[in-house]
Amino acid sequence: MIDRSDPEGAVAEAARRCSNWGRWGAGDVRGTMNFLTDDKRAAAAALIRRGRSFSLSQRFDMDGPQRGWRRRTNPVHTMLDTGTDAAAGVQGFPHGIGGADDVIAMPLQCSTQWDGLGHIFDHGVAWNGRPAGEVVTSLGDAVTGIETVADVIAGRAVLLDVGRAIGERGELPDGFAITEQHLRATIERQGASAAVGRGDIVLVRTGRLARARREGWGDYAGGDSPGLSFTTAGWLHRTEIAAIATDTWGFEVRPNEFDDAFQPLHQVAIPHIGLFLGEMWDLDELAADCAADGVWDCWLTAAPLPVTGAVGAPVNPVAVK
Amino acid sequence: MIDRSDPEGAVAEAARRCSNWGRWGAGDVRGTMNFLTDDKRAAAAALIRRGRSFSLSQRFDMDGPQRGWRRRTNPVHTMLDTGTDAAAGVQGFPHGIGGADDVIAMPLQCSTQWDGLGHIFDHGVAWNGRPAGEVVTSLGDAVTGIETVADVIAGRAVLLDVGRAIGERGELPDGFAITEQHLRATIERQGASAAVGRGDIVLVRTGRLARARREGWGDYAGGDSPGLSFTTAGWLHRTEIAAIATDTWGFEVRPNEFDDAFQPLHQVAIPHIGLFLGEMWDLDELAADCAADGVWDCWLTAAPLPVTGAVGAPVNPVAVK
Amino acid sequence: MIDRSDPEGAVAEAARRCSNWGRWGAGDVRGTMNFLTDDKRAAAAALIRRGRSFSLSQRFDMDGPQRGWRRRTNPVHTMLDTGTDAAAGVQGFPHGIGGADDVIAMPLQCSTQWDGLGHIFDHGVAWNGRPAGEVVTSLGDAVTGIETVADVIAGRAVLLDVGRAIGERGELPDGFAITEQHLRATIERQGASAAVGRGDIVLVRTGRLARARREGWGDYAGGDSPGLSFTTAGWLHRTEIAAIATDTWGFEVRPNEFDDAFQPLHQVAIPHIGLFLGEMWDLDELAADCAADGVWDCWLTAAPLPVTGAVGAPVNPVAVK
Amino acid sequence: MIDRSDPEGAVAEAARRCSNWGRWGAGDVRGTMNFLTDDKRAAAAALIRRGRSFSLSQRFDMDGPQRGWRRRTNPVHTMLDTGTDAAAGVQGFPHGIGGADDVIAMPLQCSTQWDGLGHIFDHGVAWNGRPAGEVVTSLGDAVTGIETVADVIAGRAVLLDVGRAIGERGELPDGFAITEQHLRATIERQGASAAVGRGDIVLVRTGRLARARREGWGDYAGGDSPGLSFTTAGWLHRTEIAAIATDTWGFEVRPNEFDDAFQPLHQVAIPHIGLFLGEMWDLDELAADCAADGVWDCWLTAAPLPVTGAVGAPVNPVAVK
């Protein structure tokens, strides 16, 4: 049972139970990505059967979910050159060539993204026990920047469609805390292809994005949401998964399960487990396909844009079945 | 032979010979990506053997190649929150949680990237014969934005290491025009795994990036370079490849092979062939591995960041052997 | 009387009546700023009496009015270096020096600003009869960029507090169209110091910003508002003022006074009169001072940030009485 | 004499001699701007005689001086809408209205600018003795942000054209340290209108910008330069000036006058004197006018863009004679 009045104690207790500090040496910068070995990757190739591919990314544009929370805006995409300019003949290029070019300004966590290991700290301490102030300065994350995992996030993914398994009409309501029991029930219901093990990338669908798509963004980014219960910390640690991603903005249930708290499961998962969290993924099309053919695992490449020193990064995850 | 005085005539002639307009219907927005079918993708999975993965992306940061050419800067990555702030206790979060967040501003073509089909026009006309001014306005590419291929760029890649096959110490000099003969010779030398066919993603290594890494960026972006000869237009069309990428800033040889010209092969390849061009890819580590094991093809996922309406997009391509 | 069904006809008629095309030669780029001569400026110096200065600018930050209308965001201000970094000793400078630096990304018209002469066109024609497509391309305004008036916007300003003169409790309601009669009544009520003449910068206070400050931004940017009536075009032309600014987002009344229209007074004022429009100015503190001492004119410097080729520009106008 | 081996000792000694901490109370956020009173401003109005105005700002565009030093880029100005779009009829507005809009991304100190009081720290301490880590976090300067002086920087300016008085052909060479003797000699040579006193804004022209204009930017930003000697700290303090600006990137002489140092005069001037420093101003046109009429003082409004929490800010200073 969660003591709603003591998030700090609960975090400390879970951190002690679930810590991976030192597991891959004092110099480790990849955390649970160490579970995703070449062997795992080679085995996962067998999951590519029909060759059908799915992008699990939302579109990056001004019509996104951000409403300014913590200075997060939607992407601002502007043109350096356009087809109208080319057609008007004002570009000055020879032999009839014309071109268009563009620019973007955006928070790295404005849409479909990975949280890097430098994104969250516990009492000023980052992944593997390093002082946060020495890891992430104004120059970015000098140690665990997202570029350190630029080449490895490819392997087996398992979709757990909790919304479909437990929810009504495929969706969980805001404030619904997904517990280990819910995860187990979903796996059982989905069958053998949904088994979760070491090195897997787990995709948890709550149906929250489907609702936003239907009803408008509203408070999708930063507001109430279904999500993982704080009590799943042990499962996240024990299963030795490489990463986990959801179709919600913040991975864990909101409001959080304490009286006065802010994302306590992050505080265990990132600095202590060393776990990579994906947020705002679009799992709906893949989920429909899995429900149709009864196969819940697939090949997944989810390579973050390797911005040097980034504590999070946009990604276009592509699943293939 | 190229008539150096008539790029406009040469472009027109090549465009006529190599046009894919209408090949996939008047409404097509994917061009040569149509060659990369589910069947091709399913077959390519067999190329994943050892499970070793390689990122083919350069790092995105201020130490990149851009020098301001056509208002292209290197990425500017700044922090919204830092570990030093968290450690100093000034963030105001409960129960000891601290966080870091970041923002980026960058041209979409500042580093490792795909050219989308709206990037280049021929006399005001875009891919499939559409008026450029109706396709790409200040709002972006309303028809062939990069998001239209967000889910499909995964399949077989073939590395043609022309630098290693033809060059000295693995590198071609600036101004070296790679012809169809060079491509054929490279394939022949590399052996059966280097055969190029329909739906493949071809990776051409010139060694230009290796040189920039050794000697400094200099004019890497926008300057002289080895690259594809204008005369390869027929090969690019005939082979029915899905895409081609190089380790240079501009894909084709620079200076161009005409007296007064600017990227004439782009003018054929993008609006007429409907071909996707990758630029500034980092092929060196993959090339070393291929040279070592003699296997030149692999699985590749090169999923562009799906910025709605983008005419180009950053990408972290991940190859797996 | 306005024929609500024919904005196009009304614009054409007003444009014919109020055109300043050619008045300052075919090459003119300064429009009504030509009225603000050195003599006018020298005479205005006498308005500095007490030496008290007022900033008429809103603050530029994330808590601004923008809600994404036409891709306009609030400014995103991030730090390149911070005091927490300096205090943590991670900056690497010698002899104890530490520093902070910052970056901004923002639309040039997100807050207190001048509309430049390249901001609005009438049927594809810009100020002084130039083709819009030759004036403002993706490279910016090559002719009438805001830098062309960087040095001249200093002189006499007259505050017309229509909100105080005509409104209830100092504020006009949304949809209130300020006519020439309202302007005359305000001037008469305010007395001799409110007389408007050639070369003046007129400041029209509606009270809309005071309401937003009290009730929250809501639709302040892009929504309904009090503002100038379309019928004031003649007054704007006849008075030979150099510029006019309001405390609203869009200068003219919203909804506009036609059944289907968008900012028709802009369409006359900018391309035909060549008039500079200021928007989102904060006139409240100055207005309170003017009401207290009964003096409604002052010295004003309103120098736009000289972004080369900008069609609008942020400004911190400073009035001195 | 400067002991070149001990910048830390020299800074400490100068700081002790020149400190204004507490002079305007513990809560002060305006430093030497307190010297620029309403009375001073009222008196300065008499300096407006001919009404001629001068912008002292460089243009803000991609052709600026920045080369990436400390992640400083030149401004990136892009269009949200263009005249070519309007002319092509693709904007969708009624009654023939068309528009252009723009966006900018830039470091706040990329061009003509004020250093705010939160820009520099001495051993982790900011202006008035506050801990730097509590003043400037990733959220910006919460205490002395540039907005705190948005309304006051208007008054008397005195141009000291040291380049013209002391240099050859109006320019000082790189590494030339301007001492108190040079300042006095310049004032004496320029005559009574060049007298410097309490509340004045001093403009020091070195000719460095004129050289950059002639020879290209080169290392103008961040490189060697003429500038104020470290030994002028006493003069800066004793004269009780409100602010000082130069036509160089960094105000003080470069290389600095110690063996291993970085901007030691900043370390005294900003956190201890509380002095506002202007950098990269364009003083050439004003200087030519002053040389012609022999009058070296003028009215100046130099109102920074009030970005909330900014540690520096772009400005378009406008002088009127």
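Observations on the structure shown:
Residue numbering begins at 1 within each chain, and the chains themselves are lettered A, B, C and D in the order written.
Here, a contact is a pair of C-beta atoms (placed from the backbone, for glycine too) under 8 Å apart; a residue touches a chain by one contact, two chains touch by 3 or more.
Keep in mind that this is a model prediction, so the values were computed, not measured.
A rotation of 180 degrees, rounded to a multiple of 5, brings the CA atoms of chain A into register with those of chain D. Counting the residue numbers used at the interface between chain A and chain B, over half appear in both copies, so the two copies meet with largely the same residues.
Remark: chain B and chain D have CA centroids separated by 44 Å (rounded to whole angstrom). Centre-to-centre separation between chain A and chain B, using Cα means, comes to 27 Å. Across the assembly, chain A contributes 71, 76, 78-82, 84-85, 87-88, 90, 103, 105, 133-134, 137-138 as residues in contact with two or more other chains. If the chains shown are joined wherever they touch, the resulting network links each chain directly to all the rest. For chain C in complex with chain A, the residues that touch the partner chain are 62, 68, 71, 73-74, 76, 78-82, 84-85, 88, 90, 105, 133-134, 137-138.
Residues 7-8, 11, 37-46, 48-55, 57-61, 63, 70-72, 75, 77-84, 86-89, 93-109, 118-124, 126, 131-138, 140-141, 147, 150-154, 258, 260-264, 266-267, 299, 301, 303-312, 314-318, 320 of chain C are the ones that touch chain D when the two sit in their complex.
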